[in-house]
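See the structures that follow.
First subunit A sits with subunit B, and in the next complex the same chain sits with subunit C.
What follows is the complex of A and B.
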C-alpha cells in the first residue's frame, strides 16, 4: 500500500478509497468523446472536514484533485486530465434543511436532483426546485457549478447558478468557507447584501475549490400542469414566438426542438410552452392569453398549436424530460455528445442552421433544441449528437462535430456551455486578455499549488 | 375516376338549403344561404369555405345525398383554403402516410380493420371478439381524416393503394371478402367517400355496430343488463353512414343502457371539439364542449359512450371531471357480458 493511499484511507476509511484498475477505468471517462485519462485514486469523502484533509494532503503531495458530482457533464470536466484524485462527492448526499417559508433548501454537494425532488414531493408537496433535463442522478452542486438550467429557468430567474443562495466550499488551500447570508447569520436565504463571492466557484470547472454544501431556491408548486406545442415551419420566426410568449408572463417553461425524427416533425420547429396553475380557471386563462399572443400566426395559418393526444402529452409533461436521454441511445454503443451554446435568442435561427449543416457534413444524427433562460435574456441552445462508442469512425465524426459546433457558436456570438478543455481554450482565445489575466490571477491566488482540476481554463 | 359525383343541377333545384340552414356552426339566414349556395355551385369563393368547421354533418343533412361536404372540401383545396395551420397539415400528411411496413399475413374470418389505432387493440378481446383477426396500420389506414384538412387529393392518392394492400396482403389469398370496420371513418370511406369519387371497393365493409349487435344477440343469455343512463357522443364520420346509427340504440337496449334523448345527439350531435382545436378555433371548441357536457349532465347521464377513439381522447378527461364515466361502446358491451 503506497503512502498516499494509506493517508487517504485514514481520512475517509479503507472502503471509500480505491486505486483498483477497474475502478480507475470507470472514472477515467464519461459518455462524451473526450479521451480517457485515469486518476490515481478515487476517494469518496463523507464530510467537509474530510474534503479539507484530502485537499491538504493533495497540496502536500502536489497531487491534482478533480471534484465530481454525477459525472454526467459529457464534456470531460471530471476526467482527470493530469491524473491525481477524483473526489467523488456522492456520499455527501444529505438534505440538511428545507426552509418552507423562505423557500430554500440546504443540501450537501452529492445530493442528486432525483433525491431532492423525491424528498420535496414527500415532505413539502407545495415546493419544487428547478430540474435540469438530465438523469436524476445528476447532482445539485454539479449542475449549479456548470451554470445548468432547468424547467424553472424561464419563469424563476435564469440559470441554476442564479438560484444559489449560499455555498459552503473548501478552498484549494484547505479552508472551509461559508458564502452568502449563511456566513453571517444562521439562515441560507440570500447572497445579498454581502459582497458576492459565490461566483468564484460557479463556472470554474472545479479549479477554485470544492463545493460541499449548496443553498438553493425553492419555488411554489401549483397543482395543475399542462403544455402547449406551437409548430412553425420557418425557423426565423422562432425568436418572435418566444418573445411573444415570454412577454405574457404566463408560461413556466419555454423550450423548443428541431429533430428529423419522427418524420412528421422533420422540417418543423416545436416551441413547447409549459403552463402551471392552481385552478382550471387559471389554466384556461393562461392558455387563452398565450394563444392570443400568437394570434397573428394563427390567422395566416403559417403556424399553429399542435393538438397533443394524451399518449404524446404524458411524456412531455414529465419533469425532467426523458426524450433526450432516449435520443442519446439511438446510435447504441453508449456515446452521447451534448454541446450547449448560451446565446442571445436572435442567434437561434443561425444556430439551428449551423447544427443541421454540421450534422450533415459529419454524417451523424442530431437533435437540436433549447430552453429560454429568464425572460428571453438568453437561450441555452443544445446540439445533441449520439454516437456509437464501439465505432471509432463514428466517435471521430462526433468529435469533429463537437469542435465544429464550438467554433460555430463562438463565431455567431454565443459561448459554448460546459465546454471541454479544448473548447475552453477556444473561449479563452477570444476572451478579453484583461479578463483572462484576471481569471488566472484569481486561480493562482486561490490555488497556489495548481492542484485543482488542472488542464481546465488554461490556454496551454 | 376520382371525380366527385356532385350534381350541380340537383343542388340548384334544391329548395331546402338544409346543408347550410341545419349547420350548427354557421349562422346564415335563408337569403345568405341561397347566395352562398350559388357561389359554391358556380365554383366561386364563398364564406362557407372558411367558416366550415368540417363536422361532416351536411353529408347527412342533404336530402339528395349529393355530397355537399365533399364538394366543399374540393372547393377548399382548389381555392387554397387551409382549415388547419400549414405546418400541422404537412406534418400530419407525413405522419399518417403509408410506411410500406406491410407483409402477407394469414388471417381468418372475422377480420377487423383497426384503422390506425394500435393503442385500441386491447378492446378486441373476450367473447365478443373471440377468434377475430386484427389488421391495422399506416398501410391500410383510410386517410379520410384529411377531409378536415381540405385534402381530398391525399385521400385520392392513397386510397387505391390502401385498398390494394388490404386485398393483396390480407383478403385475396385468404379468400376473405369482408371485414369489420372498427372506426366509422373507415366504414364511411368505403361506403360513402369511395363511391362518391368513383373508386371501386372490392370487399364488403361491415360496421362495428352491426358486428357487435349480432354478437350480442348470439350471447344474449349471458348479458347482465347494466341499467345505466348514457349519453352517446356521435362522431363526425358517422355522418357519412347515418344508416348505422340505429345500431347504437339496438346495442344499448340489448345491454340495458338507456341512450338518453338529449339535445345534442343524433342529427343534432355536436362535434367533440378535437378538430376545432386543430383548426385553432379554441373558443368554439370550449363553448361546444361545455354545451355538450352540460347537456349530458342535464339529462342525467352517468356514462358517456364513444365509438371514435379520437372523440374519446378529446373529451374523456372533461367527461370524467364532470362526474361521468367515459367509455368506448365495445367496452360497455364487455361489461354487460361480465368481462
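What follows is the complex of A and C.
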C-alpha cells in the first residue's frame, strides 16, 4: 500500500478510497466524447473535515484534486486531466435544514436534485426548488457550480447559481469557510449585504476550492401545473414570442425546442410555456393572458397553439424529464454531446440555423432548444448531438460538431456553458486579457500549489 | 455472454436514474448504497462489463466483487430511463457472472455456496434427510395426489427463522383445510439464487431434479414459502418443460382469507416490505396487503419506498448466502429497518424468509429491538386467530 493511499484511507476509511483499475476506469471518463484521463485515487469523503484533510495531503504531495458531484456534465469537467484524486462528494448528501418561512434549504454538496425534491414533497409540500433538465442524481452543488439553470430560472431569478444563499467551502489551502449570511449569523438567508465571495466558487469548474454545503432558495409550489405549446414555422418569430410571454409574468418556465423527430413536428419550432396556479380560475386566467399576448400571431395564422394529448403532456410536465436521458439512445449508442450556449435571445434564430448547419455538415442527428433565463435576460440555448458509443467515427463526428458549435456560439455573441477544456481555451482566447489576468491572480492566491482541477480555465 | 447482451452494453448512458427509486427519495441500489463508487452502480457495471469484454480491463477480484455484489433486486430495471435496454440489465449482470463462473474466477463465498449446493444439495451443508425437520409434530403428509405441493426451499428447511415461518404457513394452510403435502427429504434446492449467481448448469440440474420429482408425483399446483423459489418455478421451470401452477403462499392466503372465519382484532401498526422476487420480479404487490387488510384493528403504514420502489433487503441474488455486501451502516437491510421504524410501525411484515432473517439481524445491529420486530404475514394472521 503506497503512502498516499494509506494516508487517504486513514482520513476517509479504507472502504472509501480506491486505486483499483475498475474505479480508475470509470472515473477517467464521463458520458461525453472527451478523452479519458485516469485519476490516481478515487476518494469518497463524508465530512468537510475529511475534505480538508484530503486537501492538506494533496498540497503536501502536490497531487491534483478534482471535485465531482453527479459527474453528469458531459464535457469532461470531472475528468482528472492531470491525474490525482477524484473527490466523489455523493456520500455527503444530508439535507441539513429547511427554513420554511424564509424559504431556503441547506444541503451537503453531494445531495442530489432528486433527493431534495423528494424530501420537500414529503416534508414541505408547499415548497420546491428549481430542477435542472438533468437526471435526478445530478447534485445541487455540482449544478450551481456550473451555473446550471432549471424550471424556475425564468420566473424566479435566473441561473441556479443566482439562487445560492450561501456556501461552505474548503479552500485549496485547507481552510473551511462560510460565505454569505451564514458567515455572520446562524441563518443562510442571503449573500447580501456582505461582500459577495460566493462567486469565487461558481463557474470556476472546481479550480478554486471544494463546495461542501449549499444554501439554496426555495420557492412556493402552487397546486396546479399545466403547459401550453405554441408552434411556429418561422424561427425568427421565436424571440418575439418569448418576449411577449415573459412580459405577461404569467409563465413559470419558458422553453423552446426544435427537433427533426417525431416527423409530424419537423420544420416546426415549439415554445413550451409552463404555467402554475393555485386554482382553476387562476390557471384559466393565466392561460387567457398568455394567449392574448400572442393573439396577433393567431389572427394572421402565422402560428398557433398545439393541442397536447395527455400522453404527450405527462412527460412534459414531469420534472426531471426522463425523455431527455432517452435522447442518448437516438443513435442506439448511449451518448449525446451537448453545448449550452448562454446568449442574448435575439441570437436564437442564428443559433438554430448554426446548429442545423453543423449537424448537416457533420452528418449527425440533432436536437436544438433553449430555456429563458430570468425575464429574457438571456437564454440557455442547447445544441445536442447523439452518438453511438460503439462507433468511433460517430464519436468523432460528435466531437467535431461540439467544437464547431463552441466556435459558432462565441462568434454569434454567446458563451459556451460548462465548456470542456478546449472550449474554455476558446473562451479565454476571446476574453479581455485584463479579465483573464485577474482570474489568474485570484486563482494563484487561492490555490498557490495549483492542485485544484488543473487543466481547466488555463490558456495552455 | 450472449451476443444480444454484448450488443447493447454500449447503449447505457450511465445517467444514474438506476440508482434511485422512481420517487428519488434515496439511493435504492443496494450495492451502490453500500459502496458508493460509481463502479458499483448498474451503469458503472454496464460500462465495466463492456470494457472487460473489449479487453480494456482484466478479470480481477475487484471486478468480481462489483459483479457479485448486485442483489438482482431490479430497482435499476424499474428506474432506468432507456426502454430498449432496461429489461435486460439484470440479465446482463447475471450473464457476466456466468462468464466469470465459467472462467472459475469468483469470490470465495460464491464458490463456497455453489460448492455446498453441489456437494450437500443445500447451502447449509446439512443432511438432505433433515429437510423435513421443520414439519416435525405438524402431521403434514408427504405429497400424495394432494391439490398442492407446499415447497419450502433451503431457508425454510434449514434456517431457524425460515423453519418457523414454514411451520406458520403450513399451520394456516392445514387449518384452512387446504389439501397439500410436502416432499421433506425429497425436496431439491429450487436453484433461483444459483442461477442469479451465474451457475446456469447447476441451476438446470437442480431444476430438472425438482421437475422430474414433481412430474413423477403428479404435482400440478405448487405453493412456495419463498419468493425466490416462486420465481424460478413460475418463470424458469417452464423453459425446462416444468409447467406447474405456482403460487406464493401470500397469494393463496389472500384467496382463503375471504371465506375464513372472522379474525380477531390486532391493535398494531404494521409496515410491509415488498420482497424483490415477489414485487419487481413478478409484479405481485397486493396479495400481502389484502391479507393484512383483512386483520381488524391492524393499521398498515406504508414506507415511502414501497411496492416497485421498495429497497431490497440485501439478500437477493445470492447475497443472503455469500454476504458480499456485508454488514455496516449503509447495508440496505439496516437502512431499510431504520426506514421501517421511522414510520412508527411496531411490526415489519415480510413475506420472504430471506428478508425475515436479514431484517431480524439488522434490527439487532441497529439496536431497534425495543421499537420494531419482524413478523411474517402468516404469523400475523395466526396471531389474529389465537386471540
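Following the convention adopted for this analysis, the second predicted complex is superposed on the first by the 460 of 460 C-alpha atoms of A that agree within 3 Å, B and C clash if a C-alpha of one lies under 4 Å from a C-alpha of the other, contacts with A are read in each partner's own complex, and residues count from 1 in each chain.
The working rule: contacts are C-beta pairs under 8 Å (C-beta built on N, C-alpha and C of every residue); 3 or more make two chains touch, one makes a residue touch a chain.
Source: prediction; values computed, not measured.
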First, second, both or neither for A:307, with subunit B first and subunit C second: first
First (subunit B), second (subunit C), both or neither touched by A:392: neither
Touching partner for A:432 - first (subunit B), second (subunit C), both, neither: neither
Greater residue coverage of subunit A in the superposed arrangement, subunit B or subunit C: C
Subunit B versus subunit C as contact partner of A:288, first or second or both or neither: first
First (subunit B), second (subunit C), both or neither touched by A:135: second
Partner subunit C, residues of subunit A touching it in the complex: 15-16, 18, 20-23, 25-27, 31, 42, 44, 70-72, 88, 90-91, 112-115, 117-119, 121-122, 135-138, 322, 325-326, 328-329, 332-336, 388-390
Complex interface listing, subunit C residues touching subunit A: 10-17, 19-20, 23-26, 35-39, 44, 47-48, 51, 56-58, 60, 62-63, 66, 81-85, 304
Subunit A - residues contacting subunit B, complex: 231-233, 262-268, 284, 287-288, 291, 297-298, 301-307, 309-311
Contacting residues of subunit B [partner subunit A, same complex]: 82, 84-88, 90-92, 94-95, 119, 274, 277-278, 280, 282, 286, 313, 316-317
